[in-house]
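Please find the structures below.
In what comes next, chain A is part of two complexes: it sits with chain B in the first one and with chain C in the second one.
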Partner chain A sequence: MSQSTLTPPESATPTSGGGTSVDLRGLAGRAARQGGLIVVIIALVAGFGIARPFFLDPTNLMNVLLQAAVVGILALGQTYVLLTGGIDLSIGSTVAVTAVSAGLFAQQVPAPLAILLAIGVGALCGLANGLLITVTGITPFIVTLGTMSIYAGLALIIAGGQAVYGIPVAFENALAGGVAGIPIPVFLFVVLTVVSALVLKYTIFGEYLIAIGGNSEVARLAGIRVGQHTATAYVVAGAAAGLCGAILTARLGAADPTLGADLLLTAIAATVMGGTKLAGGQGSMAGAAFGAIIIATLTAGLTSLNVQAFYQQVAVGAAIILALLVDQVARSRKA
Partner chain B sequence: MSEAVSQAVSEPAEEPARGSTGSGTHRVPALEVRDLSKSFPGVKALEGVGFAAYAGEVHTLLGENGAGKSTLLKTVFGVQRPDSGEILVDGKPVSFTEPSDAMAVGIAMVHQELSLVSEVTAIQNLVLGRERRRLGVIDWREARRRATAALERLRFDAPIDVPVSRLSVAQQQLVELARAISTDARIIIMDEPTASLTSAESERLFEVIEDLRSAGTAVIYVSHRLKEVLDLSDRVTALRDGCLVGTKRRSEIASEDDLVQMMVGRELAALGVSGSGAEPGEEGLRVEGVSVPGVVDDVSFAVRRGEVVGLAGMVGAGRTELARAVIGADRRSSGEVYVQGERVRIKRPGDAIAAGIALLTEDRKHQGLALDMTTASNVTLMDPPGRGGLLSRRRQKAVATEALKPLNTKMQVDKPVRTLSGGNQQKVVLARWLRTESNVFIFDEPTRGIDVGAKGEIHAIMRGLADAGKAVLMISSDLPEVLAMSDRVLVMRRGRVVAELDRDEATEESVVRHAAAE
Partner chain C sequence: MNRQTRRILVAAGLPLLLATGCSSAAEVSGGSDGSSDDAAYSYTSDQDGVEQLPGEEMASELGDVEASEDYRVGVILKALTNQYWQGIEKGAEAAAEHYGIEVTVQSASSESAQTEQLTIAQTMTGQNYDAYVVAPESTSNLTPALRAMQSQGAPVVNVDDARVPATVYVGPDHESNGIQAAEEFAALYPDGAKVAQVEGQAGSSAAILRIKGYQEGVEQTGNLDLVASVPGDWDPDKAFSAAQQIIQQHPDVKGIYANNDTMAIGVAKAVSASGKDIAVVGTDGVPEAVAGVRNGAMTATVSPLPYWEGYWAVEAAVRLLEGQDVAPWVVAPAQLITADNVDEFYDADGQVLTDLFE
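So, the complex of A and B:
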């Protein structure tokens, strides 16, 4: 993956720390931050590979990417929202609603349509968030905290309180299968990362999201329809969550209405690790994707070392803080 | 070029002529800076700068934007650490890592950019960080007493129990001043304290500065208003491009021209950008019956093409609110807007832009720029170049570079605006609006807080727009500016336009009389 040209300049804060300069220059040029993240991924993979050679097995590595895909797609969606200076706490619950919807649709309609419908349900959840936020003026944190609970409840109501089984094989194959050895979710993850990075740098929509997050009053006075663009960001985040819901239902062969909280926090972690500011106005799609990969690698690697799940949580948390700390030090040295 | 100035440089540590209450010939300066240097990536902000301020002295720092004044003040106040050099307080070397260290030795600072906590009251802001406790809890009665006393000295007449965000910029500035005064600091740094004050408010501030001087406080003063500098200063130290030009006693300075020469090393044409004299053309902007409940009351006026109309008034008279209501940034309860004789429906700022009205806001940082975005993005904010929703970064850069060219400035357009100096940031805002090719330009305090050189350029731009047949409305609290620039002057008071003065009728007295009369 050569992400170097896709990284928006806003996030291209050259960080001299955190890796060998040879690697940085070779891999990422201006986007040294992404370079740093890649170095971390390589180091992690190498480390775990030395300890457990089977970790380097292509099948295992692909499996790690598969784990990263769902969180990664979710993190991409969240990045759109964070760029505007908002946050969407409901994406985890949206995954639950859409997973259940996908399961139920799959029993009625052809697989491709069921997938599209799931994405549509996710987009609707996002639209509700976006409209509530822009029309009422209530802060995104509060609105999505509310809808997080509402959507989680809806998922359970629709599913009748239990998992939805009987997912048609055609549906499972449509999303859980693979092409040329690459699982479809991984393929989607890579494509969406590239597309999102391009959207951010080379579309007016992306430019406006950054402007709104940077200074919404300035954006408004420049004639930008702030509400409309902000709401669209939530729709994108919801649609991304919808795709994740469909993927999970296909992979598990059942729709679990209790999915959610875990995914939300991991997705936010991946996003901030990738250099997106919670205050808005600065962010990186490639960074979010790399963040998701780092977390998945760490989790898989620790599992391969037989580290208990409880300790894994501690390690992932420490990694998030460490990543931001390194970034901070690099920045302050620059200043 | 700077020959004369350099020769006249007295030894920096020389004692001030005025206000010498000290006895011996060798008084120790309250604050002394020696050989201070500070670099930022790619920029040498300060190089071997030194000056000394004595107790009972008003010491002015002079320099164009980017000369290094702000950096110097920040290092003295502990916001930034110098790369090398010494700071001495009462002759003892000090080293600050944080502003609280500077405060601890008796230094207070009035910041140019407001530094109040906007959601809490004036009282809370005044005692912030210096709350006195009784039985472990904040003694609010004592805090109120302290705050009221400081604010009374400035004859502050706004409510002190509401969040400061509800106060006007000028009122907030007074709170900021009161905070510095109430610390009983022996060294007070004031970075352009009058930038947003009306002349009456400034007068009060000057009285307070006189009091401080007599009480033996060392006041370090920064202002671009040369008249003020002449009136107030005991000594003046000038900086240019991060280097020390020199320090002069007030008695060695004959006129504003001398100050300008110290600052820029060349003579500048005085603030004599007069009206064009040409006959203004047809109507450019007409506003009828605009009201915003509580702030603007049934205002009507017109600006013809080729004309600069000044909009004067006390801060809080409703001028900014009027402009914002006209362009649809704030809701108006009534009123219609006509551009070149045709009625335009304006509900939101985008409508105003489409109708050819540009508003250059007062507060650059909060209403003018997205600081983390690049210059190119900021310049092209309202219409990023591209097709079908796609954005061409290459053309964006080219467009921005092109738009900045006439503004006589050099900057890399792909760097964040945050890294630019105040003057250049102002030019980025200008470039954005100039390229809209609007027919109507509304400038809100266009030269607030910028140096003489840049001020002249902006005046020339405004005049140029008028000469090119645009209608220009200029809101300004700088009376000499209003008088020098305007073909006509409108005066607002309490939300209404109370006077319209022709060029011949508009004098400092007449404008102030209308603005203040009851």
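So, the complex of A and C:
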């Protein structure tokens, strides 16, 4: 492992040519893209604010961020997986399992421990995905499609088919409360985005994930333990879902075993909107976070304009395609 | 026949209503000066054993009411993809027109989009409506939004399915839906019969209560035998195959109850494909099921009359804003719709009659 310092991932990354100048250009392009996403967010907020002044109310803006936090944290986890060229369809169901687990743990143990246990349950779900994929060689899509159903069923079984009530106030406060006016989930969302971006950019693990997603065979030949790192990506995604499950249980004051069904596609949408390739090998943590914020802003803003949910779906879909289209055009101009 | 039954019930219940109605009648005059802002609302409609008031008697018990201001009411529904919820929306809008107030109806994109619905609800509370009508996807997914509504001091009307802490709950007794279905089978087969059930989405409160009610109803009748109870997830295709399986395993089954009409339609198709004489009962009263009852594909549907649920929800909101004291549970009927009485409740297009209770 130590012999493969920086060279293998670089040679393994198919960024057309390889070499520092290309990488720099890629970095610049990505930075420009993040800038573009920020401009989109500001434009959306300003636009909705002009149409509905209440939208600029700090309470409302914080609310939008709070909605974005759960999807955003899931999107960060999904980004790790997508980087390897895989996909995790089970994160929504993992949220359900961990939400219910968090609710049941919270009734037995102190809040911090219950949160850690919920994250642990999520990590276990991720580990099962990772092992099934790397050991059996079945494609991630199929494995996680299977576990999506398994975890959804487990959530119902654990909870006995009904929502778990009687969540202690201490647990609610531990995750649903706020520090200096900033809700804890938003705080966690920001911290995890920064940490993930740093992991991706400055750690060997980040480089390996990109290398595996670029070409797993080349990565293997370069001495990277592909299976181990791929499985780790699923564990991270599962743990992220576990945190989201705990957050939702704390926010809602109950754990519903059918929770999370609508989170999966939204999280994937946020991830790809942020510039992560489904084929793997390329992605951005900040992009995933901004993608989640854009989707939450769109939903909240369109609601404030009294746009019906059916039209909102069209708008969110169009935003995803538009974001990728702009990216394509920007790329082809540079080439 | 059913109308007559109701009139008799109304007459029988009148003394009781007068007794409970006294205090509220006094508050009608007190609240009409528009001092509704000072009213403190309670949010305890989801507690056990709360006072009930049949929806169709709300007007007669509480008297006429007029909106003294141009109230804005925010309505948050589950998903408008089901005709049932469209019925509630229509009723809410009709009531708004009647009282000359403004309603804004928003809904999630599907009945499982719990967090999306929360985002929508949170944004709506940010707009400070005078009152809210909510139909949460689950008993817990709107909790933060409901807390915000309470801290605004706005009356909250909870409509239909999942019961949450609100000022007034307008909805059916889901258990009695199931009981009604069992009683219909008992009436059809006085000598006893094997019956089955196709269940709604696991975990949904409507499903849980209807399943429970049906099981209890079957037990109470004594001569019915519940031979199968299988999941159909509110889905017509799943219900179709579930019914096929039931018919194969129990060739002598005589009646199948589906927890909602969407599934009952699937069950009816499976029954007609089998060529057997099996009674199908659903719940909801959506137009397609009403047509099924008319043409004989379905024996009956138990409907809470969704149009009226929506209407009464907005009516209750107006009454609360005007300072009236509305019972915490405005009960929507569990009306058995059969070929005999379908014309009393539905027009030729399968829409609930809008002058039913006027």
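Here is the rule we use: the second predicted complex is superposed on the first by the 305 of 335 C-alpha atoms of A that agree within 3 Å, B and C clash if a C-alpha of one lies under 4 Å from a C-alpha of the other, contacts with A are read in each partner's own complex, and residues count from 1 in each chain.
Methods note: contacts are C-beta pairs under 8 Å (C-beta built on N, C-alpha and C of every residue); 3 or more make two chains touch, one makes a residue touch a chain.
None of the values given here were measured: they were computed from a predicted structure.
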(request) Could you classify chain B and chain C on chain A, in the superposed arrangement, as clash or fit? (result) fit
(message) Once chain A of both complexes is superposed, is A:I224 in touch with chain B (first), chain C (second), both, or neither?
(response) first
(message) For A:G291 in the superposed arrangement: first (chain B), second (chain C), both or neither?
(response) neither
(message) Looking at A:P140 after the superposition, I want to know if it touches chain B, chain C, both of them or none. Which is it: first, second, both, neither?
(response) neither
(message) Taking the superposition on A as described, I'd like to know which of chain B and chain C A:P185 touches: first, second, both or neither.
(response) neither
(message) With both complexes overlaid on chain A, does A:G72 touch chain B (first), chain C (second), both or neither?
(response) neither
(message) Once chain A of both complexes is superposed, is A:A261 in touch with chain B (first), chain C (second), both, or neither?
(response) second
(message) I want to verify the contact counts: of chain B and chain C, which reaches more residues of chain A?
(response) C
(message) Please give the least Cα distance, whole angstrom, that chain B and chain C reach in the superposed model.
(response) 33
(request) Mind sorting out which residues of chain A both chain B and chain C touch, each in its own complex? (result) none
(request) Would you tell me which residues of chain C are touching chain A in their complex? (result) 79-80, 104, 106-110, 112-116, 118-120, 122-124, 126-128, 138-141, 143-144, 201-204, 208
(message) Please output the residues of chain B touching chain A within their complex, sorted ascending.
(response) 40-41, 327, 329, 348-350, 352-354, 359, 361, 366-374, 377, 381-382, 384, 386, 389-393, 414, 416, 432
(request) Would you mind writing out the residues of chain A in touch with chain C in their complex? (result) 52, 54-55, 57, 59-60, 63, 66-67, 70-71, 156, 159, 161-163, 165, 176, 248, 251-263, 266, 296, 299-301, 303-304, 306, 308-310, 312-313
(request) Provide the residue numbers of chain A that touch chain B in the complex, in ascending order. (result) 9-10, 201-207, 210-211, 214-215, 217-225, 281-282, 334-335
